[in-house]
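Could you have a look at this structure, given as structure tokens, before my questions?
Just so it is clear, A, B, C, D and E label the chains in written order, and each chain counts residues from 1 on its own.
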Amino acid sequence: MLSLMTFIPLVGMLVILCLPKDKPQWVRYTAVVATLIPLLLGVKLFLDYDRSNPGIQFVERMSWIPMFNIEYYMGVDGLSIPMVLLTVLLSFLCIFASWTIDNGVKGYFAMFLFLETGMMGVFCALDFFLFFLFWEVMLLPMYFLIGIWGGKNKVYAAIKFFLYTLFGSVLMLLVMLAMYYYGEPHTFDLIKLAELHPFSGKTVSLFGTQFAMDKIFWIGLFIGFAIKVPVWPFHTWLPWAHVEAPTAVSVILAGVLLKMGTYGILRMNFPILPEATLWAANAMALLGVINILYGAFCAMAQTDLKKLVAYSSVSHMGYVMLGMASFTTAGVNGAVLQMFNHGTSTAMMFLLVGVIYDRAHHRWIVKPDGTRGFGGIASQVPVFTGIFAIALFASLGLPGLSGFISEAMVFMGALSVPRLQTMTVIASLGIVLGAAYLLWMFMRVFLGPLNEEYKDLTDMNWREKLTLAPLCVLVIVLGVYPQPVLDLMSSTVAKLLTIFA
Amino acid sequence: MAQSCLWIALLPFLAFLVQVSIGKKLPRHGDFVSVLAIGTSFALATPIFINLLSTGNLYETLQFVWINLPGVPSAALRGAQDFKVTIGVLLNPLTAIMLFMVTLCSTLIHLFSTGYMHGEERYHLFFAYISLFSAAMLGLIISDNLLTFFICWELMGLCSYLLIGFYYKKPSAINASIKAFMTTRVGDTCFFMGICALYYVFGTTNFMDMYGAVKAGVAADVTILGLPAYTFIGLCIMLGTIGKSAQFPLHIWLPDAMEGPTPVSALIHAATMVAAGVFLLIRTYPLLYASHGVLTVIAYVGAITAFLAALIGIVQNDIKKVLAYSTISQLGYMVMGVGVGAFGAAFLHLLTHACFKACLFLCSGSVIHSVHTQDMREMGGLRTKMPWTFLCTLISTLAISGLPFFSGFVSKDRVLAGALAFGMEHPAHMIIPILGFAAAGVTAFYMFRLLYMTFFGAARDEHKHHHAHEQPLIMVLPLVVLATLSLSLWYAGPTGLDFVDNKILPVTWFDHSVEAAQTSMSIVAHHGSEEIHHKAHGLALIFSLILAAGGILLSTAIYLKKMINPDKLKRMFGPMHHILWHKYFFDELYVGFLIQKVLLSWNRMLAAFDNRVVDGIFVDGWAKVTMVVKSVVGKFDEVVVDRMAVDGAGDLVAVSGWAVRRFQTGRVQQYLIFSLIALGMVYWVLR
Amino acid sequence: MTNGMKLVLFGAEVLTVLCALIATFHPNVLYGAIALLITFLGVAVMYVFAGADFLAGAQVIVYVGGVTILILFAIMLTQWLYQMKLRDVGTKLLAPILIGAGLFYVLAKALLDINPKFLSDNAEPAQKFLMTPKTALLGEALLGSYLLPFEAITILLLGALVGAVWIARPR
Amino acid sequence: MNAFMTFVDKATGVQGFLIVGAILFSLGIIGILSRKNAIGILLGVELILNAAGLNFVTFSRYRTAAIDGQVANLFVILIAAAEAAVALAIILRFYRLKQTIDADEANLLRN
Amino acid sequence: MAQNVLDSLKWFAPETSLVAVLVLIFLADAALPKARSTVLSFMLGCLGLVAAIAATVKLAPLDPTLYFSGVVAHDGLSSFFRILVFASGILGLYAAYGSKEIEEKYRNEYAILILCVVFGMSLMAISTNLIMLYIGIETVSIVSFALAGLNRESLRSNEAALKYMIYGALSSGLMIYGFSLLYGVTGSLQYSQIHTALVAMNMAEPPLILQMAMLLIFGGLAFKISAFPMHFWTPDVYEGAPTPVVTFFSVGPKAAGMAALIRIFYTVFASKTGETFTVMPGTALVHGLAIVSALTMLVGNFSAIAQVSVKRMLAYSSIAHVGYLLMGMVATNEKGLVAILFYLVVYYAMNVGAFIVTGLVMESRGSDDIESFRGVGWTNPYLGVVMAVFLFSLTGIPVFGGFVGKFLLFGSLIDVPGFLWLALWGVLNSVVSLYYYARIVKAMWLDKPVSASSQPLPAIAMTTYHWVGLALLAIPTVLLGLFFSPVVRLAKASVAALLS
């Protein structure tokens, strides 16, 4: 089933490539079908998933390149299944958000479906080689999606994104190779590696000095993932990529791609290199706190809506880092939940920014020349305002909406760890700042006297409403009752935590 | 009954959903939905209250598992064990009383709003918001744990934000709304940290479990950030209260919150939400009590707030602002009451204050609705035009001033007595009761100032006066009900002075309930000796009466009889007036300095840092890598260095281009020379 | 070897080196080419003393008779037909001489330093080898152990010929 | 006189041969690197090949007393001839196209 | 003796078929009118090469043998590289006959020269004797000079030939002088005997003369594979020579050079111990290779960044790839050898593909500048896609063969003590390489087909001939990224002889 979910978009891509050029509508509907099937399968996955089993489920495993012990090994556990569900959902919705793309329709949707394959693969792969393959596969469509269909500085953004991520992934490649060759037995099987912890206590020589092997591996992997998260100071690709990417791509970027970083850390660094993880936990938490505050401060200074949302992602991913570094039930579960919740709420934000961009063709809160950008548009677009408010409040962690639960769990977990208490208290400043920049933005964009330029602004159409509705529902429902998602992950997280407790 | 509690909270929430989704299309924009919902809630709350009155005690709980996550059972770290959050209903006497009071006030204010807000744009949304607010407030009251308590607390904050900014086209309104949200958010965040710490220390956020744990002295030796855990939690909770109940130094948002529609001011910013902070202190009292130092701090915060806010009240001309400062001041009383251990008194004051302050706000609303201004200097002589309103205002003013026969007398005296007793026991803290008494006098002064300026004297603005008229029944009725409730009759007999069992001002039903609640909360006993308390009660009664009378007389002399010219006074106390007029410069400090100067420039700096330095090093740092390489290969080139800072990508090309041009000259013999030299160098290095 | 023979050989060596110097440094390429011719002859003499009689002949025929003539021909062709100057002017000699000197220093050090199992002149196999006429030996080797290189070089010559003709042939 | 004969003794021995080879080699290198005239460069190449050939012959005589070295030299001579042919063809073509045989003038292709 | 020669001829069948075809082409050239003979020569050339491959496969090694008195070897390595060089010949012919740069009238000569070079490359790959190797190398070099100058009316082509010739002459001079020194030290020209002699010497401190010999020999081989520091000719020659010739140069001689390097390195200077090799103790040979490898990558990648001409950029990139290949040498283990062999296979497909596309763009738009690539993806989507595949593969991004190649190379080095830094260095370099490969992709896809002066650029003219050829190159480029074990197994089998 996982393979189906992964490769049906690829099939869709091939179909699209074969479609005639002058039938964009066919292309779009093909894309809908190619993402709908994985979504439906995702629902089935959600229903069939055995929540009490902490191990890998829906395993698909066969030998692929026996010479190197490389397997085609797919499966989901509690860490990956929320991400898988998020991926299929957002991919499906993004097809609709991309409906208005009208140049290079074929290429766009083909790339988009290819991207979905990559994302699905990353979350399902349990063989390091396979994982790496999918990880890199995502890079190419992303590069083109940003570079071709992006905004004004698209090329710079695309190349920056590409360079950054490639830099991260080559480090990962080295670690992967090292794990294979230094590990006994030689294997890429992540599950087996997690069971054996073959690297603790060994050393590796680099530049004539002996280093603890697991720490070197940990750092290498971490940098690779941190670039994706993005952890300060590897974050500077993110505002560019987000701002320049087309709406749907921003959604995927923020909603799914960022999570791959933290997912990777949970999937690899934690179980495979537990001692190094403990060693680095404080640093990780510190980076998380820096992310939270730094992102928030930077967001506050932005005058571009999308950039603001982009920086808010930096801030929100900091919570994930903090939660993970706590090794507590609440903290780690909260981190995974935050990955999911941020996926939905930030996706909403980006979709909404896209909606307004489609109409106004700019996103300035304050125009670069200092004049007022948007202003007082609430009266013109009440539905848009309402939905935006939901997204915004979810994003700032208003209780009753999904963001709160995960943030609360992260903080509850982090404060339960004496060594992190100071940092946690400092991080709590992020809650205040989060509210500050979001509300300030809301005020400047939506409230106050109407800027006469926008008196003809039209409210959202049905397509846009329907795109956002599922996310809205998710944000509210999970804010009230998060247990369904928590159930998916909790047993796996508990198993993960046994290593550290 | 616990289940009906659930419905009490749920009904307004359903009304909210209805209103927000289809409210606009309903007849009358659906206001009846909200009114019916809250009315039904009131109807449900009444039997519970009656039950309490008849039995004197009430204890019921209802629990659901909300979040349940397996952890590592054997973990040494507390946080790594199972994580389980139960939510539910805690119905004890405090709950019952609050439920009754809140539903009552809410119902009345809903009713009032149907008249006051009539014809407004976004009428349905107004009702949606106050329904949501009611739901949140009621949810908060019935919460049996701090987490849902906090959720409701924040939702109220949201409603407050939405309602203050209800007139969203008015810049002052939206500014006020953000200010309110952000200021309370600061407190909320601290409160939330407290909850996290509480969870860390006790492994639960449930009130009853917490009471038990505190009693057992669980984790009394744990420290957080170097503070004893109890103290840390206590301080956090206190900060939450300071934010929500607009206590010094986070009080600045409440006066601005008056930008919202007046019923909102009455409901949220006077009667209920702001009192939630006090309710929080009451709910967590056992914990605060266990961390001794915190209570004293709380007492100081309350006393200072009560006094300072009252002083500002003197100089305000906006009728609602005066009331806002008076609210802050009165909340200060309650907080002080909790701080000095007069737990019951504070709670009683919460109730009485809710009634008379709601009444005052509604009266002011009625006036504003009638004269279309909030400036008292443009009012005057409305006594005749609006007799009912005047009467109700009078009653509530007398109540707030703490005169006999009125409810304020009963509760305020108890608070002051508690404070005095505290002061007598700990003479070092005598300043607390002194501030309290001073505030009582000032309160009487500015409230009567308000009364005189609004209703007495000659009309200052003929036009407005001419148009003034009494409001329709739907608006007057709530006034009357609330005014009635401000009589002492309901609490301690018609006069409020009743000497039974050697106790002054007993409120039989209330005292019984509170005692029962105290028992269930495992509050051991109040401290200090019986004798001091008794003595303090007597003294407080006398002092407060004298001070109130003094205040009223002074006010009468200045504003009614015009014996003293207020302008002259203003000049006399010039600097003082200046300070008061600028509200001690808090706004300037926070907004003007902290936010605009410090925070924003910090942000801009960081953003610039992000653009220049971080980018410069890590992306465009390729250029630097090449620089290093280049300096090994060839000689340094200043032009390139200069350009490097500008744009790394271009520089990379420039640098490598430079290097390549340097060697790839197109002359084959030079290539050979380079090759042979390099070959030699490789050999040299390896030799 | 008699002293006279030695002196002849030594003279040939000196001549070789001197002419090589001229061939390298003389600004006029024509003189350089002629000096190179003499160098080749000197080397051929040395071959004779090293017992490579056939090679000495081959050297004379191929180098002197072939290569050098080809070079001279090219020089003449370009000079007389197109009136171009033969003198190298403004050659930059510093770096090449430094490199060459360095190389020579290292090589000389290496070559003088070796302590291999060199055969002395008087050793029996050396004398025997020196005295044997090499033509037959070479013929045997070329048709025996070195058959393949011998055949393969024809392909080289074929390719070089085709290429040279193709490039040099006027349109 | 005696000293001179000792020197001649040495110079006509194996070391003399090798040093002459080394000199030719170095001079060839210098020639290739310094000559502007493309034909001059060719002279350097021939010197180098001769140096190598001389080495082969010397080693064949003094090291192995076997024919291998001479065979190698035979091939070197043949290859030198082939190389010279192609080189001259290229140089002549260059001369025809550019009216010069100055190797420095071949700088069309560069960065 | 005669029997011996006949025996040997059996092993020499692939080359023999080449020679036969060479003769046939000569005859055809002489007998037929130009128009017909050129087609025939192409067919014959391809046929001969295919036959040679078939013969190689047929002969696929059972036991390693030396034949022709031991000057050449028949073993896995020779079979593998023979197939590679023959394939490079086919690619060279293919590229030329689809290109307008090699005019109709040159083509017979072109085919002859290519076949000569292939013959020489094959000798390089199989030789186990210094003389044999020298002849092989010189065959390749001398004929290559002519090939570079094939376009005799073009000054650029001629200049390329001139530079190539001068550079090559000096390099081969260095090498043959080095051979003579090695001969002097060991007294033999035969690899195995040299090895024995070296082992017998048992030097803790190798004599200076041996070091010089190694240095000079390396200089000559480095020229052939265009490794630092003998790489300078590469960009100029690649830019000036006709594109099909460059296409051929960029793969064939490199493979042959690597073969020669591997053979010399592993059979002469190294002894096998277990899974790894011990390189002559006391020499810094491996460290030297490591430094050369690192510098080659550096020079190749960083120079490529600044290029405007795509051919030139690809020239530098090919230098960088040699740097990667040398990492496998540094590893001195079986993994390293396998990685080199595998990488060469992938490199063939992707590099030839990139050059062919570049040639097509150059023909249609008149220049090989990056600007000429603007919007190729939009005018010719197919071309854009395959070029992107080649370039991403060259970068080393997964699902493409280039990634697996790098994966194997880095993998071979990762557990070699003391050389982890080289792996790190290689990894960093491959990031840098993205920078310039992506520029082409950017121009093709992210820019519209209008020139800088907003003139619309024409579509690239291409025929089914190119379509099929590029597909045949692109498919393996992708497939090798997904299912690489067959080739890896082949490579393993090929190096088995060196290990036994």
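Heads up, the rule we're going with is that a residue touches a chain if its C-beta (ideal position, glycine included) is under 8 Å from a C-beta of that chain, and two chains touch if they have at least 3 such contacts.
Bear in mind the structure is a predicted one, so any value in this text is a computation, not a measurement.
Participant: Going by the stated contact rule, which chains contact subunit B and subunit C alike?
Facilitator: A chain counts here if it touches both subunit B and subunit C, which gives D, E.
Participant: Identify the chain pair with more contacting C-beta pairs: B-E or C-D.
Facilitator: If we tally the C-beta pairs in contact for B-E and C-D, the bigger total goes to C-D.
Participant: Indicate, using Cα centroids, the chain positioned nearest the centre of all protein chains shown.
Facilitator: Going by the distance between chain centres and the overall C-alpha centre, it is A.
Participant: Could you give the separation in Å between the centres of subunit A and subunit C, each centre being the mean of its C-alpha atoms?
Facilitator: Computed value for the inter-centroid distance: 72 Å.
Participant: If you average the CA atoms of subunit A and of subunit E, how many Å lie between those two points?
Facilitator: 43
Participant: In whole angstrom, what separates the CA-based centres of subunit A and subunit B?
Facilitator: It comes to 36 Å between the two C-alpha centres.
Participant: Centroid from C-alpha atoms only, then distance subunit A to subunit D, rounded to Å. What do you get?
Facilitator: Distance between chain centres, rounded to whole Å: 67 Å.
Participant: Touching at least two other chains at once: which residues of subunit A meet that condition?
Facilitator: 159, 163
Participant: Which subunit D residues sit where two or more other chains touch them?
Facilitator: Where subunit D meets two or more other chains at a single residue, that happens at 18, 25, 28-29, 32-35, 41-42, 44, 53, 58, 63, 68, 71, 75, 79, 82-83, 86, 89-91, 93, 103, 106, 108-111.
Participant: Please list all residues of subunit C that touch 2 or more other chains.
Facilitator: Expected reply: 95-96, 99, 103, 107, 111, 116-117, 146, 149, 153, 156, 160, 163-164, 167.
Participant: Per the touch rule above, enumerate the chain pairs that touch, sorted by label.
Facilitator: Touching chain pairs, listed by label, come out as A-B, A-E, B-C, B-D, B-E, C-D, C-E, D-E.
Participant: Which residues, counting only subunit B, touch subunit A once they are in their complex?
Facilitator: 66-72, 74-83, 147, 150-155, 158, 161, 165, 168-169, 171, 174-175, 177-178, 181-182, 185-186, 188-190, 192-193, 195-197, 199-200, 224-225, 599-600, 602-604, 606-607, 610, 614-615, 617-619, 649
Participant: Quick one: which bits of subunit B touch subunit C in the complex? Just the residue numbers, please.
Facilitator: 673, 676-677, 680
Participant: Inside the complex, what are the residues of subunit C that reach subunit D?
Facilitator: Result: residues 1, 3, 6-7, 9-10, 13, 16-17, 20-21, 23-25, 29, 32-33, 36, 39-40, 43, 46-47, 49-52, 54-55, 58-59, 62-63, 66-67, 70-71, 74-75, 77-78, 82, 84, 86, 88-93, 95-97, 99-101, 103-104, 107-108, 111-112, 116-119, 121, 123, 125-126, 128-130, 134, 137-138, 141-142, 146, 149, 153, 156-157, 160-161, 163-165, 167-168, 170 of subunit C touch subunit D.
Participant: Which of the residues in subunit A come into contact with subunit B in the complex?
Facilitator: 156, 159-160, 163-164, 232-237, 239, 294, 297-298, 300-302, 326-331, 333, 376, 378-379, 393, 398-400, 404-405, 408-409, 411-418, 421-422, 424-425, 428-429, 431-432, 435-436, 439-440, 443, 446-450, 481-483, 486, 490-491, 493-494, 497-498, 500-501
Participant: Which stretch or stretches of subunit C touch subunit E in the complex?
Facilitator: Touching subunit E: residues 106-107, 109-111, 113-117, 144-149, 152-153, 155-156, 158-160, 162-164, 166-167, 171 of subunit C.
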